[in-house]
Amino acid sequence: MVIHPVLLIAIPLITAFIIPIFKKYGAAIAGGAIAFNMGYAIGIFFHVYSNGKIYETIAGFNPPIGIFLAIDSLSALLALIINLFAFINFVAIGKEANYKFSMLYLLAIAGSTGIVITGDIFNMFVFFEITAVASYALIAGKKDKKALEGAIKYMVLGSIASSFILIGIALIYSQLKTLNIYDIAARIASMDAKIKWASFAMLLTGIGVEAEIFPLNGWVPSAYQGASEGVASLLSFAPSKAAIYAIARLMLVIFPFHATYEIALWVGVITLLIGELAAFMQEDVKRMLAYSSIGQMGMILIAFSLASQDLKYALIASLFLIVSHAASKSSLFLLSKSEKMHGMASKYAGIVSVLSLIGMPPLAGFWGKWYLMLAAMDEKLWLVIILIFFAGIVETAYFARYLHRSIGNDGELSLRYKATMAAMASFAILFGLLPLVYKIASLPLWGG
Amino acid sequence: MLDIIFAELVVAAIITFFVREKLAAIIAFFISLLPLLALLDWASNYGFAIINLGIENHMKIYLAGVTLHLAITPLSWFFALMILPLFPVIMLYSYSFFKENDGFFALMLLSLFATFGILLSRDMLSLFLFWEMMSWSSFLLVYRSKDKNAIMSYLIFSVFAAFAILFGIIILWHENSSLLLSDILNISGKLGFVAIASIITGFAVKAVIMPLHAWAPFVYSKCDEPFVAFLSGGLSKLGYYGIFLFLFSLKGVDILQNYMTNVSWNYLLAVFGALSAFFATLIAILQDDLRKLLAYSSIGQLGYIAIGFGIGTPLAITGALFQAFNHAFFKAILFLAAGIVAYRTGKWKISELGGLAYKMPFTFMATLFAIFALAAIPITSGFASKWLLYEAAIQQKYVFIAPIMLIAGVGAFLYSFRILYGVFLGENRHDSVEEAPKSMIAALFILVLPLIIFVVFPGYMLDLMKPALQAAGIESIAHTKFAIETSLAKYNSIAVLITLMVAMIPAFVIYKARKHRVTSFEDNYLAGEPYELHKPAMHAANNYYKPLKKVLLPYLEPGATYYFEKIYNGIKCVSNAVRRIYTGYVQDYAIYVVLFLLFVMGWLIWI
Amino acid sequence: MNFAALTLPCYITVAALLSIGLYGVISKSNLMKIFISLSIMETGVNLLLITIGHIPGGTAPIENANFAKYVDPLPQALVLTAIVIGLSVTALAIAVLISYYQKNGTLEYKEGMKW
Amino acid sequence: MDMIGIAIKITILIAYAIIGTCTGLLFMGIGRKIVARVHNRVGPPFYQNFIDVAKLLSKKTNISHGWIFDLALLFSISGILLTLLFLPIGGVQLLSTDGDAFLVLYLLAIPSLGFALGAGASGNPNAGVGVMRALVMMLSYELPFVITLIALMIYYDTTSLATIVRMQSINGIKSWAITMPPFMIAAFAADMALQGMLMEQPFDIPVAPHEIASGPMVEFGGKYLGSLMLYKAIALVAETTLFVDLFLGGGVVAHGNFAFVINFIVWLALIFLLFALSILIAASFPRFRIEQAFGFYWKYEAIIAAISLIWVYIMVIK
């Protein structure tokens, strides 16, 4: 098999620009492209799983000058998750996807995948912007007041964020004259301390807006609430996961310092607490799920920050958390289309997702919490452990309320919609039972 | 053999989900007999020898990067003996209980799977894993009730328990660098204390020790009765299994004692057990909902087990295990019988029931027997267990716990009679009610058997638990087939039974000597007034313990639930305050972004 | 850092543009003004990039034998990309604002979804 | 134990069962006489209760309410005989080595439960109310009683009644528990509890003839009522004997070959004294209401009993 990771980005991008030509068949073409992308992501994943890292330079220039893609086990997994769920989600959206929607959807996927697999910090920025612009448009696409408001909030914060990311990149470039993440990482020590920290702060703030970190996540509840179910689901597994992965790279590869670890840890803890507490009293389901997402992102951030200290458990924890959150939250967002859990499949999806999120074995969420605890224990972070437990109980409380509220059989969801939801939730079980994620995390990391 | 059983349980769980209810019940019944085969296999291989299989003989499951160790131990064998027989009985019962198959049997089999897993776990991770599987499979059964309080309280308390156990386990893992249960805990001081205390707290939630019982009344009173029978009879025992495992098998007692030598932490467990026995009994007396009454009675009876573990002498532990065994059976009978009553009449309120004894004599007899066991009348094995506990308390001169236990035992008579009188005796209110279906009756009487066997031979029960106790280094107490002897006194069950039978002779002679005429219940003495005038007042079961209620209620009113609600409301307030951060103004959010930037910069550059 | 005669005023301008932009975002309630402020910010960032790439006395990075010294070409390429992105965001923003105006009849940002 | 030993033991047991029954009936008759004298009446002859029982048992019974109703008769007589035989009587151990005080407490519940079942099966609301009162009374008086019981148990470090009696009889009267100050208090509390156990005024709330038409026994007639009377007679003996065993050394004053005759007489005298005391109290006090009785036992009596328990506990710990 010829491995060209660039196809993961190129195919959706090109398809996105072709689609407007074939208006009528746009959705079908997009579906085919996403399916191909999914297959390709799976292929790359298993290639990386068995053969190790892949580097690909584009247009013949070698790093540090040229642009290059770097796929290690982590990015392969992220790319797999994004494309896999993107496909399932697209099937769920089905007829609602016209050619415009499909185009934006493809752009968002391309952008998210790009963030994950790029090895160039400016490219990362570009992909962030592609994802963000596509997401704004997707959110606004519902065209009611709430959707527009959500889109505007996202847009304002996203624009500020992009400015900050760009400033951060500019600061790094001004010192090191390179944009390659590898190169930056190798020479980070030679940077002027103040500029180094300023650039980290800028990048963290900028990417943090996309990664739903507190207090940069003002847009999150409104955007999720305003967006249609399919889009909310997309937002929960594609841009946010890519962004948190970008932060992980920032911390693990570029700025592996104790100060950054500490700041990320406590920001993560606060995000977790605020997210879960805010979700506790929320009456609107989508908004509740959005706050819950914030909390989960906080937990993933904690895991990643611990991973900079202790690769052994924390990295596994973060991967499990990402998988669990992607599978569960997106299926819950899809489920929020109907007020009640209608039919067996949606009951299954809803319950499995909730159980995985609150950490019941043998679902993926449990392993996330388990390894996170082990990692936190290794660092003797008593307060963090207790706060995570507290947040977990709060989370359980509102999810229990949610489960109770959605008892009932009324609602009309198509069979395909329910099947896709169930399929999504099944991945929480699948990844929980298979040793895949565990083994992935033990593969050598990028730059390490 | 174990792996086959595990696999078959899962497969059967999936199959039963999709077949018709009767077929599902039959499959579930036969499949749930399988784990018992494993027990028999073990008994035939090793008898009552104390065998702890080495790590090389464990069954291993590889899951998500970890290895789970499973094997039967003497302790798990004993607990399996008390919990696992409940499953086939419940399946048998459910054969006619459910009108349609909506997943009950599948979930029950999953619960069985998890139960079996918990009992067989030989490392803490698999213990926790199966424990949580048990939590969610039973949660899904609770979820079927569609009752908000039940669903929320069960899930929240389960997760709280899980976190408490997890917290303890990771401390033990970190300090011990091993999760195997066969290793001796090499931990002491504050950390060891926190770990063990936390684990015990976690298991205490499922063991329904006050004040962590708040979920039980909601759950017990709203779910399907066959499930509640398992919940009260089986699941609570798993909580005590965990407590026993960590407290005695792993010598957690010593860790607790070594932390502060002059404080007996164990005693605290006994005190909580005594308090739950006492208060739950008093609350049970005042209930009108049959299921709530049984729920509180369950809490009270389980409190005795906690007392036994808390006292911690061989005598007390023997008593506690005996009590656990009895409770598994008699409480299952009571809940199943309550289910029969509801199945036939559709009513739960005791004040609306009455006079069922002549309509359903077999149900009544089984219930009566269970109540004898519950009230520790010496013609069932229920007495021996309580007697051992009383002896243990006196032996240790626990002058606070002993009277509370005894008075709770007396209180049990009160609510027992409330069930008997309110439901089965008194005015006949249901003319068209029939006896329960045969499968249900059969289920009840299967459960009665052990209560009879072990009153005649209490020594056999002590023999059964002997390996479990000796594996934990606890000597078993002196006994023969019929009699148990302690340093304080002796209890000879056969003397009681034979004397009772002999004493029955004069009673029987008196009974048979002269004829009597059976009249309808309506034909009775009402101070000379015709029955019609009194019809509304015939049933005295309405607000039965009114005088007692008047006296006790002010003291029982606040209750643990009240405080948990306060905590819940407190979190609500905090949550409301936190939500205000999201003002809805994008300008504010922009300010947050800038502030965050400045904060991070400030932190990194100046600190 | 090498502060040459030209770069310092550029940095000051960058700071000013950024501050003005941020101030606009924070203080204005008219959405159009907010997005104009964001554009101003972007301009500031672009200026920053160019300033970083500037080498005193350098010329435009076009192959020319006469000039050996030219400015760093990469930032300029970046700025081109950034401008395109900024443009697309602005265009999208205006499209959304039109929709917003049609629904709400105003561009003033009123109390919306909260808590 | 050989066959002859068993035969002798069985004979003794049967003898004591009969003696207990007769003593009980006799005491009841005497009690009626005493109450009558206190009330300034003549009263029935002391053998009146024998006549009553004989009459009731020998007549055809007109009302029964089915087999659960019959359980009352069966359980009451057998249960109370069983209880009696597990008590040491006048130094004779009977079966008391095969059980202990806890067993006796629970055996006492068998006849009560049987009666409660029969009363419930009758469907008469008065019976139901009566049983409720009886059970609440039981809950009330058991608290002080078990506290005093535990005080004795931890002092003598045994729960066996036989052992308690043996240890109290080492030095005759001087070693009786009641001679010690803490147990004087305890004995007072236990005697009040005994008053409740015997269902005498002021604690005759369950039967309260004027309120609920004799409560549980409202439906009993003929052989059922006869068995009830027999039960009451034996229960009287059993309960007073329990008190004697606990506090008065089981009435054991002498040791030796024929000591059991003396001891028997002392035992008889003691239980008569106790019974007479309770009858006198009953004759001079009006009835409590149920809440009052509950409050009396759980507040005052329990505190008194608790004081003795704490006192004993301190003594033992030292």
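First chain written, first letter: the chains are A, B, C and D, and each begins at residue 1.
In this section, a residue touches a chain if its C-beta (ideal position, glycine included) is under 8 Å from a C-beta of that chain, and two chains touch if they have at least 3 such contacts.
Every value quoted in this text rests on a predicted model; they were computed, and no experiment measured them.
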item	value
Centre-most chain, if every chain is reduced to its averaged C-alpha atoms	B
Chain pair with the higher count of C-beta pairs in contact (A-C, B-D)	B-D
Whole-Å separation of chain centres (CA-atom averages), chain B against chain D	36
Approximate Å spacing (C-alpha centroids) for the pair chain A, chain C	27
Cα-centroid distance, chain B relative to chain C, in whole angstrom	68
Gap in Å, rounded to a whole number, between the CA centres of chain B and chain A	43
For chain D, residues contacting two or more additional chains	none
Multi-partner residues of chain A (at least 2 other chains)	152-153, 156, 160, 221-222, 278, 282
For chain B, residues that touch 2 or more chains besides their own	579, 582, 584, 586, 590
Pairwise touch network: line, ring, star, complete, or other	other
Chain pairs in mutual contact under the definition given at the outset	A-B, A-C, B-C, B-D
In the complex, chain B residues that touch chain D	355, 357-358, 364, 368, 375-379, 383, 386-387, 390-391, 394, 397, 399, 402-403, 406-407, 409-411, 413-414, 417, 420-421, 424-428, 483, 488-492, 495-496, 499-500, 503-504, 506-508, 510-511, 513-527, 534, 537-541, 544-545, 547-548, 550-551
Parts of chain C lying in touch with chain B, wherever the complex brings them together	22, 25-29, 34, 109, 111-115
Touching residues on chain C, where the partner in the complex is chain A	1, 18, 21-22, 25, 31, 34-35, 38, 41-42, 44-45, 48-49, 52, 72, 74-75, 78, 81-82, 85, 88-89, 92-93, 95-97, 99-100, 103-104, 109, 112-113, 115
Chain B-touching residues of chain A, taken from the complex the two chains share	152-153, 156-157, 160-161, 164, 193-194, 197-198, 200-202, 204-205, 208-209, 215-216, 218-219, 221-222, 259-260, 263, 274, 277-278, 280-282, 316, 351, 355, 358-362, 366-367, 369-370, 373-374, 377-378, 385, 389, 392-394, 396-397, 399-401, 403-404, 407, 431-435, 437-439
Residue ranges of chain D in contact with chain B within the complex	13, 17, 57-66, 68, 70, 73-79, 81-82, 85-86, 95, 97-100, 102-103, 105-107, 109-110, 113, 116-117, 120-126, 128-129, 131-133, 135-136, 138-139, 142-143, 146-147, 149-151, 153-154, 157-160, 163, 213, 218-219, 222-223, 226-227, 230, 289-291, 294-295, 309-310, 313, 316-317
